[in-house]
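Please go over the structures that come below.
Presented sequentially are two complexes of chain A, the first with chain B as partner and the second with chain C.
Moving on to the complex of A and B:
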């Protein structure tokens, strides 16, 4: 399913998210099960299925990482089930360093400060990856696509780090 | 003959005909029913002018009492008087006993481990007890509104899992009431609040009831109520505050081995003390115990120190939910307090300190949920076709499936907007394998044992192929009520595999059928009559909406397709005149099959139409 088509948008990485949200609400008003509460079972089911698609499309296009991945998959490059490893040793070193810092959070004098500091460094690193990704996705050239895929793989690592950090923060709160 | 009236789905069949629908707040401690009358949503009172009905059911020898009359029996006959049944919903007996060791009931486990109350009227399960609470509320609504209800919206804690939601829906269906929607309590409160104040922006709903705690963060924008994140605890509420006081008294008075009556009296006294402490700085508690009058003073600071850990827990949930929602405290323009337990001063103080603003309590925290549900019910039943109110809610807990080694693979993550559908592919690992077993769980932890088991199901009828050759696509779908359904298909052969879902903590279809029979005097005929009535209503609905669709979108059909559908409609109408349930059901299915394509084309059309005005700004 091409979500850009569903939302009647030109496929591009840089999109107006406010406009996307407006379109999302328009689509919801057309398909949401609440509009079919008194309709037949068949229509209800169809409405649930379409709304699920609209929801998934919105989540995909709203998230920069998922949007980029969706663009590549529309270009025939599917990253969802791949096992390609990253060879960038500088990146891997940085990952290891951050993983160690995650492990040390609980021993820090002010764990919450350590958590916040890590959130900040993750965010600024992700920002630089996204800036590069945005440029690479403008053309559909094979080499750019390959490099874009690399950025996406790295961003997925970052997403995992962020999840890990959130889990540690949750444990601190309990 | 109202069958052939022309109307859009969701619209009222006749413009002036007002359909009756209500919102029901089925609470742990109290329940309410509300309806929209003359454009205004209000809670409905009983003949004594009472709005809230205590959620207490007393099983006397000959009859069943609900509400105040049941409450009156609570201290003398605790074994046959069920209080706070909501805390039993969708839970196993061992869950409940692990949490509370001093229940006054005689409990048994059902075949799949669900709690069953043994009363002098026999065994009843939490679904049946909940149905008893719903019964007088529905009767009250039908009497006040003067007619049969077309449907109800029932509220549930946002943090309720699948089993707890299903149990609530089963309770209504046991009564023969059509559930238009299960609505999350904080979302209901947000509707009542949002429509009342016309505010736009991010709001937080802090809902602490008798047995459950929810925190929801929503964005209000031109009629759209979008839940950004929700969090909470489905086993934390005012009852737990009472329990802490009970423990405190037991220690102060050195009580051991209380009888069921004494335990219940102590519980009632604890609640009285808690309620008085909202307006007094100290209260004297007393208990008539084996002829002696025991007493002790409880000050507000005493009480605060007892409950502070629980209140802190709710604040931690608020912090986490804001983070999940991706908003900061400063972005929250208003905090709305819902639920009777938000009357506890310490709760208000802590919520105010955390959100850095005084919480809003202008709408009665006890009634706001029922009022919001009534507004939603009025729209869903079709009384307000022009309404632009739209609710986008989320799933509170992640859904996952068990993988090798007792680990959980998440299929749908928490706070995903519902409805949601996710497909996952699985392959066979043995030659000729024709079946596959799945275990669905709900929760955030990585190990199956730390999550809640929802259901086990087996895929059967997988074509016998070499190992790894059969690819089974399993689709998990969560509907707008937050309820899960599963379908599966083998990809290469497109064989639809059958699924038998066995709910871990819910009632099986046969148990529900048995309960239905039990609830009716002349079981067999009543059930048949009810099924016939239901099929006739569905047939009318199908004909009504298809006729309207043909009127509106005949352009999407070729002339011969149009004629075929007209014939099929006439056939269903004729079948529905007669009293053959199976024939009507078959005719509906036949018509559904014939119109599938047309329905999909219409839906695509309305999607295109919805974005028509926007194409210009996409440059």
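Moving on to the complex of A and C:
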């Protein structure tokens, strides 16, 4: 399923998200099961399937990380089911260090300051990864696709870190 | 999802957690990560002049299965030669811990951590 086609968008990493949201609303209305209340069983079923596709497509294209992953899958590189491991030791060292810092948050004198500082560090690193990723995805060259896949893998680690940090922050507020 | 008793045992009482002094010339480090779940694993081996693994330590950030897999391999590699350790397969780890199919990648991570550490050992040897 090509979600860019579904939403009638040019397949690109940099998309107009307001435009995407607008098309989502239009599509959702057009395929909504309520419109098919008096239609045949087959049309009802189709409407339910289309609605699910439209929702999946919107969630995929809305998230920059999932959008990039979708672009690569359209180019024949499937990252969602891979079980490969990465060995970039510099990157992994940094991940370990950040995980250790997450563990230390609760012992900090000002835990919220520690949380905010980590959010900033994560955001600035993610920004640099996304900048590179967006450039790599412009061409569909094999080598650029491979490098784009590496950025996506790194961003998945960052997503995990952000989830953990959000969880710790929630616990602080309790 | 239910963890097996062996996974729970390793998770609750992980063996050989920690780090060696990385400046110790007999210590090699394998760092690996799994993008699918964001798990990070560090395995360190202390290898004697005879090529026998004298000690092992790990540090893993991940799910129970990832922690159990790395804890288990630190026990398995001790006393083995580098070649014997290199022949440990993820299927052996998965079988021992009764990992369900969705957690097989945790055992792959542990196998790859051994390989990464041994690669560092071999590149050190050839210098």
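As a convention for this text, the second predicted complex is superposed on the first by the 160 of 174 C-alpha atoms of A that agree within 3 Å, B and C clash if a C-alpha of one lies under 4 Å from a C-alpha of the other, contacts with A are read in each partner's own complex, and residues count from 1 in each chain.
In this section, contacts are C-beta pairs under 8 Å (C-beta built on N, C-alpha and C of every residue); 3 or more make two chains touch, one makes a residue touch a chain.
Values in this document were obtained by computation on a predicted structure and should not be read as measured data.
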Touch check for A:161: first (chain B), second (chain C), both, or neither?
second
Tell me which partner A:96 touches in the superposition: chain B (first), chain C (second), both or neither.
second
Is A:73 contacted by the first partner chain B, the second partner chain C, both or neither?
neither
Looking at A:46 after the superposition, I want to know if it touches chain B, chain C, both of them or none. Which is it: first, second, both, neither?
first
Quick one: chain B or chain C, who's touching more of chain A?
B
Go through the superposed model and pick first if A:134 touches only chain B, second if only chain C, both, or neither.
neither
So in the superposed three-chain picture, is A:153 touching just chain B, just chain C, both, or none of them (first/second/both/neither)?
second
Per the definitions at the top, what is the overlap between the chain A residues touching chain B and those touching chain C?
none
Per the touch rule, the chain A residues reaching chain B in their complex are 6-10, 19, 22-23, 25-43, 46-53, 55-56, 58-59, 166, 169-170, 173-174
Per the touch rule above, chain B residues touching chain A in the complex are 9-10, 151, 180-181, 221-222, 224, 316, 319-320, 323, 376, 379-382, 388, 390-392, 416-421, 477, 479-480, 538, 541-542, 545-546, 592, 595-596, 599-600, 603, 606-611, 613-615, 617-618
For the chain C and chain A complex, residues of the former touching the latter:
29, 31-38, 40, 42, 59, 61, 104-105, 108-109, 112, 116
As the complex stands, chain A meets chain C at residues 79, 82-89, 91-93, 95-96, 99, 152-154, 156-157, 159-161
